[in-house]
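Chain naming follows the written order as A, B, C and D, and within any one chain the residues start at number 1.
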Amino acid sequence: MDGETNIEKLRELFEQFPGIGRRQAKRFVYFLIRKDTNYIQELVNEIAKVKSEVTQCHHCLRYYPKTQGESGVCKLCAQKDGSMLMLVEKESDLENVEKMKLYEGKYFVLNNLSPHEREEYRALKKRIRYGITHEGLKELIFGFSLKPELEHEQLRIQSFLKREFPKIRITALGRGLSSGIELEYSDSETLKYALTSRIELKKKEDE
Amino acid sequence: MDGETNIEKLRELFEQFPGIGRRQAKRFVYFLIRKDTNYIQELVNEIAKVKSEVTQCHHCLRYYPKTQGESGVCKLCAQKDGSMLMLVEKESDLENVEKMKLYEGKYFVLNNLSPHEREEYRALKKRIRYGITHEGLKELIFGFSLKPELEHEQLRIQSFLKREFPKIRITALGRGLSSGIELEYSDSETLKYALTSRIELKKKEDE
Amino acid sequence: MDGETNIEKLRELFEQFPGIGRRQAKRFVYFLIRKDTNYIQELVNEIAKVKSEVTQCHHCLRYYPKTQGESGVCKLCAQKDGSMLMLVEKESDLENVEKMKLYEGKYFVLNNLSPHEREEYRALKKRIRYGITHEGLKELIFGFSLKPELEHEQLRIQSFLKREFPKIRITALGRGLSSGIELEYSDSETLKYALTSRIELKKKEDE
Amino acid sequence: MDGETNIEKLRELFEQFPGIGRRQAKRFVYFLIRKDTNYIQELVNEIAKVKSEVTQCHHCLRYYPKTQGESGVCKLCAQKDGSMLMLVEKESDLENVEKMKLYEGKYFVLNNLSPHEREEYRALKKRIRYGITHEGLKELIFGFSLKPELEHEQLRIQSFLKREFPKIRITALGRGLSSGIELEYSDSETLKYALTSRIELKKKEDE
């Protein structure tokens, strides 16, 4: 329908939201049109200041509220064990690992690199150099989901790590059988890891 | 993680968006944090003015851009045939029917009644009265999806229509077999309509 | 694994079962291997005699137990109203319609024509001729699910019906909105039928 | 429909097939009714002899064609490395692992134990004892999918293994990230194993 400039404009902005298609973006617009002005005002305020109320950690690149301190270093980077550094794709991966309370070390969020940075990984290299000098960094862990695009990135990172940081141990999260997947349908890659990283339930007694 | 007040606040506002759960609302927040300030500024501007740039049609209750004229009556209500009025649940239903170019008449969007109004249907009654007096309104069509909650509403509306507008013909969109549904799995209601509204492919020749 | 001739042979036979792929066919074989000999004996007996214990109705072509009488005509064809004949694709469609107790007439099951027969429809023509002469057949109803391949077949049947049986009324089950489908997502075909076969809820009083 | 005794009987027998419900069982019956007598005869023959043409391996309990030799020991048990024995739930698990050509050792199929046997595991104990005495068996591997019911069984087997075969090493297939699962959604158990069985991509150079 012609002339609907503002509606179309806002719809297009919502279409950039993660996971939102044309139809749902339009529903968002009509939802806002029907909402009372209080809600709109609040939403506008919160969106306007969301960037200014958080700050990016210089160390792990994740965003955290300025109320947690404006030192430029987040709580996780300030408090956790600096001898291990886990590379994760995105903040939600970090949050899931952190929730489990199984990992003592620090993190680095690759998706928060600017696209330009991601070509060079300068911030990552700087972070590793700092870790070696000031935190006793000994091991870099690839905490990547098993997706083709990430395997590619892992290879690129691995190659400069080996060259530029020869004294760092490099590991990746173990692979193997996951809950809910039948052995009958496991792929060859998974099975290979499951066989080579067998879990010891009992050693032979005479050993 | 404590202290994330603004992040939490904005997440809660996004959780009110149609079809958005907690996890996706959080993704929206992080998406905005990473977006450049230009985008944020544009989004804030468009949201702030979306209500003021549209106006609600007095006749069908749908929202349309003020640029289409500020008469208070939308193009559809100004131009289409006033002898038929189709009640639809929501604007996206109207848009789908309109796209097909199969229906000549006008519409009325029930979801755009205020909740209070929806108890009394005063705006709907006023609309029908206007139609009878000024537009030669003869038929009211229930254009409702077949959902239990709407059948209930249809019955409530039907009862006052019969009482207050005895001269109006009342119909509902035909029911029957839909594309992609096997006869084997059709429910009794659908089959009943499919039988009673059989399509004539050829009359007996001697008739 | 080589040499597994009988296992492979039986697997291939099971792969012909409707909806059964290679993997499930193999599971059937292993299931039988592990089953006790009583079950196997019973299964073999029942399969061996299943064809001989049923007989095909000469009129509607469906299969029914010989214990219901060996006249060659099934109960439905013997008892129901012969003025209407519904063409259905398969026996499960017939069973669903019959279960609803909404339709008084008789049936004809197209899938039970031999493939050769299906090219000529000789048995169908003979059935219609019999209906006209002996049962007062007046209307032929296409009781087809809305699938492209059936629409094609419907056109082929329609064309000879019009030519060879000009006095028969030909209809099809009505189309329109089905339970559980949103008006917002209805296709143009369905909407067209829904509009043209509107249900009268109340006529204008002065008519 | 009354009197359909044979049809109902056969339908019930098919309902015992793995993964087959009432509706599909009925479709099998109608499928057979329509099939030619040659197919029926073949099917009946193959089913009747399937049990007699295979024999169960005394060692791994899987079924194999008698044409592969009637020694009572299958090819896998005759040829593969006897120092490792993998317990699997069912033959299809064994087949998937075998297809990968990643594992040198032998197998034992628990589902082919009779229910009575499964309480005592006498056949399994006998198999292990034989392995120790004649095949140099050193390691028993749990090749189980990660399902609660199997974890339970694993614990029961583990406890008698430790008691009765103290010199055997006991392991389980490694757990960890599987292809296609996001780190963001990994459960705590999987993550724990992924962390403890990290894959070495490069050791520190000075080690």
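What we mean here is this: contacts are C-beta pairs under 8 Å (C-beta built on N, C-alpha and C of every residue); 3 or more make two chains touch, one makes a residue touch a chain.
Given the structure is predicted, the values throughout are model-derived calculations rather than measurements.
With centres defined as the mean C-alpha position, give me the chain B-chain C separation in Å.
38
With centres defined as the mean C-alpha position, give me the chain B-chain D separation in Å.
Spacing between the chain centres: roughly 55 Å.
Which residues does chain B have that touch at least 2 chains other than itself?
Answer for chain B, listing residues that touch two or more other chains: 92.
If you connect every pair of chains that touch, what shape comes out? Choose line, ring, star, complete or other.
Contact map by chain: ring.
Touching pairs of chains, which are they?
A-B, A-D, B-C, C-D
Flag every residue of chain A that touches chain D in the complex, lowest number first.
88-90, 92-93, 95-97, 100, 102-103, 138, 141-147, 158, 161-162, 166-207
Note which residues of chain D are touching chain C in the complex, please.
It comes out as residues 1-7, 9-10, 13, 16-19, 24, 26-35, 37, 39-40, 42-44, 46-51, 53-54, 63-65, 67-68, 75, 91-92, 112.
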